[in-house]
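Take a look at the following structure, please.
Order as written gives the chain letters A, B, C, D, E and F; numbering starts at 1 within each chain.
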Amino acid sequence: MLPKFEPSEDVLSGETADIYLARTIDILCHEKLNPVATMEVFSSGVGILCGMEEVKALLARVLPEDNCEVWALAEGEAMSKKEVVLRITAPYQSYGLYETAIVGILAHCSGWATAAKECVEVARGIPIISFGVRHVYPSVAGVMDYSAIIGGCTGCSSVAGARLAGIEPSGTMPHALIIIVGDTVKATILFDKYMPAEVPRISLVDTFKDEAEESLLVAQALGGKLNSVRLDTPGERGRVTADLVKEVRARLDLAGFKKVGILVSGGIDPERISYFLESGAPVDGFGIGSYISGAKPIDFTADLHEVEGKPIAKRGRIHGITPNPKLKRVM
Amino acid sequence: MLPKFEPSEDVLSGETADIYLARTIDILCHEKLNPVATMEVFSSGVGILCGMEEVKALLARVLPEDNCEVWALAEGEAMSKKEVVLRITAPYQSYGLYETAIVGILAHCSGWATAAKECVEVARGIPIISFGVRHVYPSVAGVMDYSAIIGGCTGCSSVAGARLAGIEPSGTMPHALIIIVGDTVKATILFDKYMPAEVPRISLVDTFKDEAEESLLVAQALGGKLNSVRLDTPGERGRVTADLVKEVRARLDLAGFKKVGILVSGGIDPERISYFLESGAPVDGFGIGSYISGAKPIDFTADLHEVEGKPIAKRGRIHGITPNPKLKRVM
Amino acid sequence: MLPKFEPSEDVLSGETADIYLARTIDILCHEKLNPVATMEVFSSGVGILCGMEEVKALLARVLPEDNCEVWALAEGEAMSKKEVVLRITAPYQSYGLYETAIVGILAHCSGWATAAKECVEVARGIPIISFGVRHVYPSVAGVMDYSAIIGGCTGCSSVAGARLAGIEPSGTMPHALIIIVGDTVKATILFDKYMPAEVPRISLVDTFKDEAEESLLVAQALGGKLNSVRLDTPGERGRVTADLVKEVRARLDLAGFKKVGILVSGGIDPERISYFLESGAPVDGFGIGSYISGAKPIDFTADLHEVEGKPIAKRGRIHGITPNPKLKRVM
Amino acid sequence: MLPKFEPSEDVLSGETADIYLARTIDILCHEKLNPVATMEVFSSGVGILCGMEEVKALLARVLPEDNCEVWALAEGEAMSKKEVVLRITAPYQSYGLYETAIVGILAHCSGWATAAKECVEVARGIPIISFGVRHVYPSVAGVMDYSAIIGGCTGCSSVAGARLAGIEPSGTMPHALIIIVGDTVKATILFDKYMPAEVPRISLVDTFKDEAEESLLVAQALGGKLNSVRLDTPGERGRVTADLVKEVRARLDLAGFKKVGILVSGGIDPERISYFLESGAPVDGFGIGSYISGAKPIDFTADLHEVEGKPIAKRGRIHGITPNPKLKRVM
Amino acid sequence: MLPKFEPSEDVLSGETADIYLARTIDILCHEKLNPVATMEVFSSGVGILCGMEEVKALLARVLPEDNCEVWALAEGEAMSKKEVVLRITAPYQSYGLYETAIVGILAHCSGWATAAKECVEVARGIPIISFGVRHVYPSVAGVMDYSAIIGGCTGCSSVAGARLAGIEPSGTMPHALIIIVGDTVKATILFDKYMPAEVPRISLVDTFKDEAEESLLVAQALGGKLNSVRLDTPGERGRVTADLVKEVRARLDLAGFKKVGILVSGGIDPERISYFLESGAPVDGFGIGSYISGAKPIDFTADLHEVEGKPIAKRGRIHGITPNPKLKRVM
Amino acid sequence: MLPKFEPSEDVLSGETADIYLARTIDILCHEKLNPVATMEVFSSGVGILCGMEEVKALLARVLPEDNCEVWALAEGEAMSKKEVVLRITAPYQSYGLYETAIVGILAHCSGWATAAKECVEVARGIPIISFGVRHVYPSVAGVMDYSAIIGGCTGCSSVAGARLAGIEPSGTMPHALIIIVGDTVKATILFDKYMPAEVPRISLVDTFKDEAEESLLVAQALGGKLNSVRLDTPGERGRVTADLVKEVRARLDLAGFKKVGILVSGGIDPERISYFLESGAPVDGFGIGSYISGAKPIDFTADLHEVEGKPIAKRGRIHGITPNPKLKRVM
């Protein structure tokens, strides 16, 4: 079920818009020019469309009740290069100011969703958690994680993102907890002591000791309650390797902990996922940070193609409506 | 003069934080573990530090009045790879939850400021305006444009960004205005008629006619009042070329409009700026969109290096304080 | 029907030959050495053989009536690398001097024909006109255009080339006409006024105004008489793009000029042809200049392989006749 | 001393011109439009200008005695990319038809001269002979060799080229002579017997035997009369190598033939010349064929820039005269 | 039938071992630590296993009669990367010192055998002779040639290698013989005069004269007794080319020597073999030197995986026995 | 002081020679041909000459007392490509058979010495130990390590190599010792207990636990007696990184063990050495295996250049003595 988006005051007031759009509306008001105009929005690249729900919420708020028509692709739908994903026909003054917000929402969200999808596609069913809020400005933390879920992630670490996506937030434990407590096994026991039963017990095993040695120690300490260990070996120590995963798996199995899973994080991207999978490393989940959160927005362009029913366009574009049978009428 | 930042409710409540940090604080509270700990934040790459003012505002709100010390680099300062830009010494429970926000603010803002700086550095003094809000989620429109200004841009198109940076927003006119009005010359005359005197008259000359022809027409229509023309030729028409700029310049000069400037936009990045400059094209200003607004965040990492005065670190990092004489005490 | 070639005086006199061949004949005459010798000519590369008709005309003029045998591939036939395309058996003094001319004619003509063929092969049936005489020395203008026709071009711009190939020369109008007249529409009307009915009305639409705008203006001026427009946008303006062709097509269609064709010229080569075709641009003809006219000659080598019926060869070549079942006896 | 060029009938009649120029003159005659117009010709690339003498001869024949002005660079002068090399101001009908010939002559000749210059520049004073007439159509044999001399070659093999350049033709002996005679030593003796004293005795030593062995045999046979040996080892035998040159030199020196020079031919280009020189091979002369004769013409473009004293130009070019202080008035 | 290998005194005494292994045995003796331990040896790369017969001979000499088990792949068997090729279970003191020799023998021999195999695989049945002893230290001449035979060579030039492999040594004649005798034909006649009948008459034809000329001369001198000619043209003369082979073949055939074979040597490697085969050169045998003899050893690694029946391993390796169904028990 | 080399029986008997040399001597004996001949040996590449001492020992054994002359470069001297390093003038039958051994010894030894030199040159004074005997056939273990020392290594691990080079063998401890003992600290204590005082105490710290943790444990166990720790982290764990070295250094220093050195091994080559040095990692010594031991032999070629005082050579080489002022007379 898709979330309810609510346009913010800053968007509605034009505070976040390009100033020249505010000026345009101003001029047209003075001239009493308010023709019915058709604006089409197309994508600069291939990807997964995201942000459309929020755009629809914005349009629902600003467009007149009648004398308007909106056609759109659905949230999460695949789109090709230059494909028209949105077409608005309405009196221009009602929506012209919101062009910046409309294309901005779609650009940023589709960028995140598309990067998530790329990871999911190479992961062959292994769950992927979005761990990247620490690489974005906090005011987009929620919408970034929401977009990652739209792109196929099964979880995310931010409360805000999980709320938008209608799921529970995911997380293990930070190095900070272990350093403050002073010992990985002790920290894991405290985690187990205070966390509600529904929170999975996942221990981070690379802080002080060898990962394989520590994995056995936490498994022995928590017994059947341990859900997984997380490997997050830093670059200074050669990152997590496929062989390390296999070795930890073999040691855990040899000691009878066949049910304890192994999560991998740290610089994961589609290339790294493929490396683990092609090397046969038995990974049970990936945590992905900046590959998703730092994805480049996919630019969208908005163009007028009809004014008062007459085909028109700027140089470089084709006059009139661009046919796209995938568009569905949404308003 | 730097702006006043105000931490948002979502950051303060932990809504935008990684869930595991909230859980960590929860566990430590239960255990009454609140040692004075030193956290260092370092950059994953070379660039321009941005977001520090907002981080300081957040710390000022959450740290205890005494028993704390904060050292930092200044807003807009250059930083090298792996350089420590922030060091906090305080009881861990007071700030541990805000690790996500601290590194996220720095990451996103420094990414934008650094991309802006790259453009400014190759532009040899030619002004650059940030035109990229249309490629980002609206809630970061203001802070993105603010960061671009910190990186050296002389203007930006969003109201929110200009307000944060303490300047006036910049803008010309959109293709939409010209299409609605139906003619570039007419639209330019309307713009001149209704806009306040302090808004520069800049005409967009590529909508319906050849750019050189249209430039002469608007110059003849507005006479001495025309500030500049903007060339924004789309990729479908071969983009703006250095030779087009020279040709428009020569035509304007020949017709006596030597004071009318030429602005260039559309897919501009440092490589394109260099191309124009090395080709000797007389550009008077660049408008830059997604090269700045879509810049990849520069990841920051936060590590504990001392607990109760004793050097410590996770594997892969060096125990104890990392010396950096550039750090200044800010709290 | 193939043209009649006539050997020139300069060739027959040895004026254009390598001096050492004249000296060789001189020495052999003194020594009364005139054995029947077999010379084979092979190509250094893959391509389309051209120039053989002219070579045959030369041989017909110089070889003795009997005691000679000539085998050859046909004009326009495909040849592979190192394939023997001509074999002459005759008293050596009768033809030795003409080695330079024989391999020179084949080299230059086959180079042009092969380049033309490369364009034709990627053009999937779209007609190609040779426009390159302006890039070659005038004394080869005709034979270059003739070779282009042998390679598959459907027309050429030079009178001499068209005459050799037995067709009418093709052409539109130069920028000079439009500049002298001062206006594209006026120039097109004059062209229509004075040119015989059988000359197609093709207007060059990129001289003064936007190509799409000008296309509509000339179409409206000439009505049903307009055959095509030619797009020749210079590199300074981003060359002709596939999108420009589509846009002009759409504008013409929208205005009811569906029968007006679109020709494209300016830096066209096989790569550019593929670009237009793969982009789906509705081009009705290409004008190609220096890709064909500036094609590197395909070197040919002439070797003696038998003297008085005995196999012989220089080091590096195989003694005796080289079998090639594709050769036909032509004399 | 530069040669006297004589415009050919085919050029003067327009037979070799683009048909559309003939049509243009036709239309302008009908309309009695014959304004004084300024045409500028510029080069598409860096190189050595060649063909200007012939262009001047053509203009001298067609331009009116007064009311005309011609400015040009000199034959053999270096030119840069896009440099204007010729400017004609005269009634347009007097020269418009000859645009094709003017740019064609310059293109082909400058291409050859520039390639020759590239060879000469890396050869550090070692003489270079143009041997490439066998790779071009006979009607350009002379002008090609003339252009090579303008580019710095010290000799050429065609009678026609040598005549144009005012020198004696150069040549050694062909493989054919040796094969007909049946032995290299015998052929060399016959050459010596019948050739005038002023023709240098140069023996080709790779036909039947090992080059080093044969070099000694011909040196012993001719004694002090032998000027040089020529090495032309074919690709099938690994081409001439630097070590072969050194070995032949050493064998000749050891046998007392220190004055016999060594010429090298076969696939020579600037890269091969550098290889021989950097390897220290004692080469006394290079024979170069298709690198020079097959050089791509350097395209030239002709544009009108003034009509009746008023600056004008087609889109993409700058209105009015292009300043170039290197131009000298020649008519 | 595989040869009998005999461990050398230097190996048995530890003279050629790593000193730290001798020290290890010393320490363990002092401590009376002699557990049954399982050592596995795996390959660092894909290839052909060679040296195992000699390793088995060594183990047979040092392991106790009972309380030991050895599993191994067979001599000449293909092995994959990281595949275990040998597993020894025995009291550690009995074999620990020989780890250096075991992995060293396998490394060097497998390197040579694998390089030979690479040549054989591209040669499509054309025989290959190992000619590389002159590029290795004499004490490995025999074992290198033996390894080449294991890799598929049909012959070798060293007496020692041939003895190990149980075949006759192969060879033609050196340039030295021809230079001392002063003439290739004479040297070939002497070779024929003194060599036993079973030694094939193969003449080296590139010493003084052109290879094709000399081939005919030796064929005419020896008549039906000539087995083959060998082409070994040095790099200074462009190496042996495919065309030279074809030319010699054609000349021999034309003169009636269709049964005389052509051997090729000089810088041969898989790439050169492919070049000859793809060019259609009728080669009857290749002599290969440093491609085989200079092959990089394929490193092998020895690891303990069980001690007294308990799985163990160093970090980075998996505890316990590594399953490999291809291993056969050999002791 | 250079070692005494003793020619082996296998070399003297011709067992390891190319069979065709034995046959050559056989033929020459029959013909009583034993001219004084001069053989020159030159290198195929740049490098460090090694093996010359052993070659001189061989020649001293086989050449006649008088009527001979030997000139050579010195052991360890730098040589350039194609430089003559040895010249023998003597009756050919006395040394012809040993050509294989002479060039083989030089090839293999110079290959090893040159690879060692490459490492030494980038190491800026940091000592390098040859650890590669485990990658070569045991019969060359000694001479390989000897060559590495000639190339600049300061130590080697084989007893045989150290003996030849006149030094003590170097070594730490193998993983096997630690695995048999079951604990790194215990193994280090035993090593210290039984090894003579002059053997440096170097502990291998990557077998069971984290390297940094284990380094501190062995340092605490041995106190001032610990010389160094060795880091040999396997590829499965990301190899030794520069950051690991720095971290271990920092932990040891922090704990007061500033005098304990850090040795690094595992896949070291010049590129890795540069990486450590450029990263500022405080390495105190490198152990290098297969980069040196697996170095490709540098081929040498032996040619006759004079027979009975008359210059001669095979095709491709220069007749007569090759001047080289660096050669010194050694016999």
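Everything below uses one rule, namely that contacts are C-beta pairs under 8 Å (C-beta built on N, C-alpha and C of every residue); 3 or more make two chains touch, one makes a residue touch a chain.
Just so it is clear, the model here is predicted, and its values are computed rather than measured.
Asks: Identify the chains adjacent to both subunit A and subunit D in the sense defined at the top.
Replies: Touching subunit A as well as subunit D, we find B, C, E, F.
Asks: Between subunit E and subunit C, is it the same set of residue numbers doing the touching on each side, over half shared, or a different set?
Replies: Subunit C and subunit E contact each other through largely non-matching residue numbers.
Asks: Comparing residue numbers, which of D-E, B-F or A-B shares more than half of the contact pairs of A-C?
Replies: B-F
Asks: Which one of the chains is farthest from subunit D, going by Cα centres?
Replies: Greatest centre separation from subunit D goes to chain A.
Asks: Could you compare the number of C-beta pairs in contact for A-B with that for D-E and name the larger?
Replies: A-B
Asks: Averaged over CA atoms, how far is the centre of subunit A from the centre of subunit F? Could you give it in whole Å?
Replies: Measuring from centre to centre gives 57 Å for this pair.
Asks: Could you grab the centroid distance between subunit C and subunit D? Build each centroid from C-alpha atoms only and quote it in angstrom.
Replies: Chain centroid spacing, subunit C to subunit D, equals 22 Å.
Asks: For subunit A, write out the residues touching at least two other chains, lowest number first.
Replies: 208-210, 233, 235-237, 243, 247, 315-317
Asks: Chain touch graph shape: choose line, ring, star, complete or other and state it.
Replies: Topology of touching chains reads as other, fitting no named class.
Asks: Would you please name all pairs of chains that touch?
Replies: A-B, A-C, A-E, A-F, B-C, B-D, B-F, C-D, C-E, D-E, D-F, E-F
Asks: Spell out the part of subunit A that touches subunit B in their complex, as residue ranges.
Replies: Residue positions touching the partner: 8, 10-11, 14-24, 26-28, 30-31, 33, 35, 37, 39, 51, 92, 96, 99-101, 103-105, 107-109, 111, 131, 133-143, 157-160, 162-163, 169-182, 190-191, 193-195, 199, 206-209, 233-237, 289-290, 293-294, 296-297, 299, 303-304, 307, 312-317.
Asks: In their shared complex, at which residues does subunit D touch subunit E?
Replies: Residue list for subunit D touching subunit E: 208-210, 213, 233, 235-239, 241, 243-244, 247.
Asks: Where on subunit C is subunit A touching in the complex?
Replies: Per the touch definition, subunit C meets subunit A at residues 210, 212, 243, 246-247, 250-251, 254.
Asks: Okay, in this complex, where on subunit E does subunit A touch?
Replies: Where subunit E meets subunit A, its residues are 311, 315-320.
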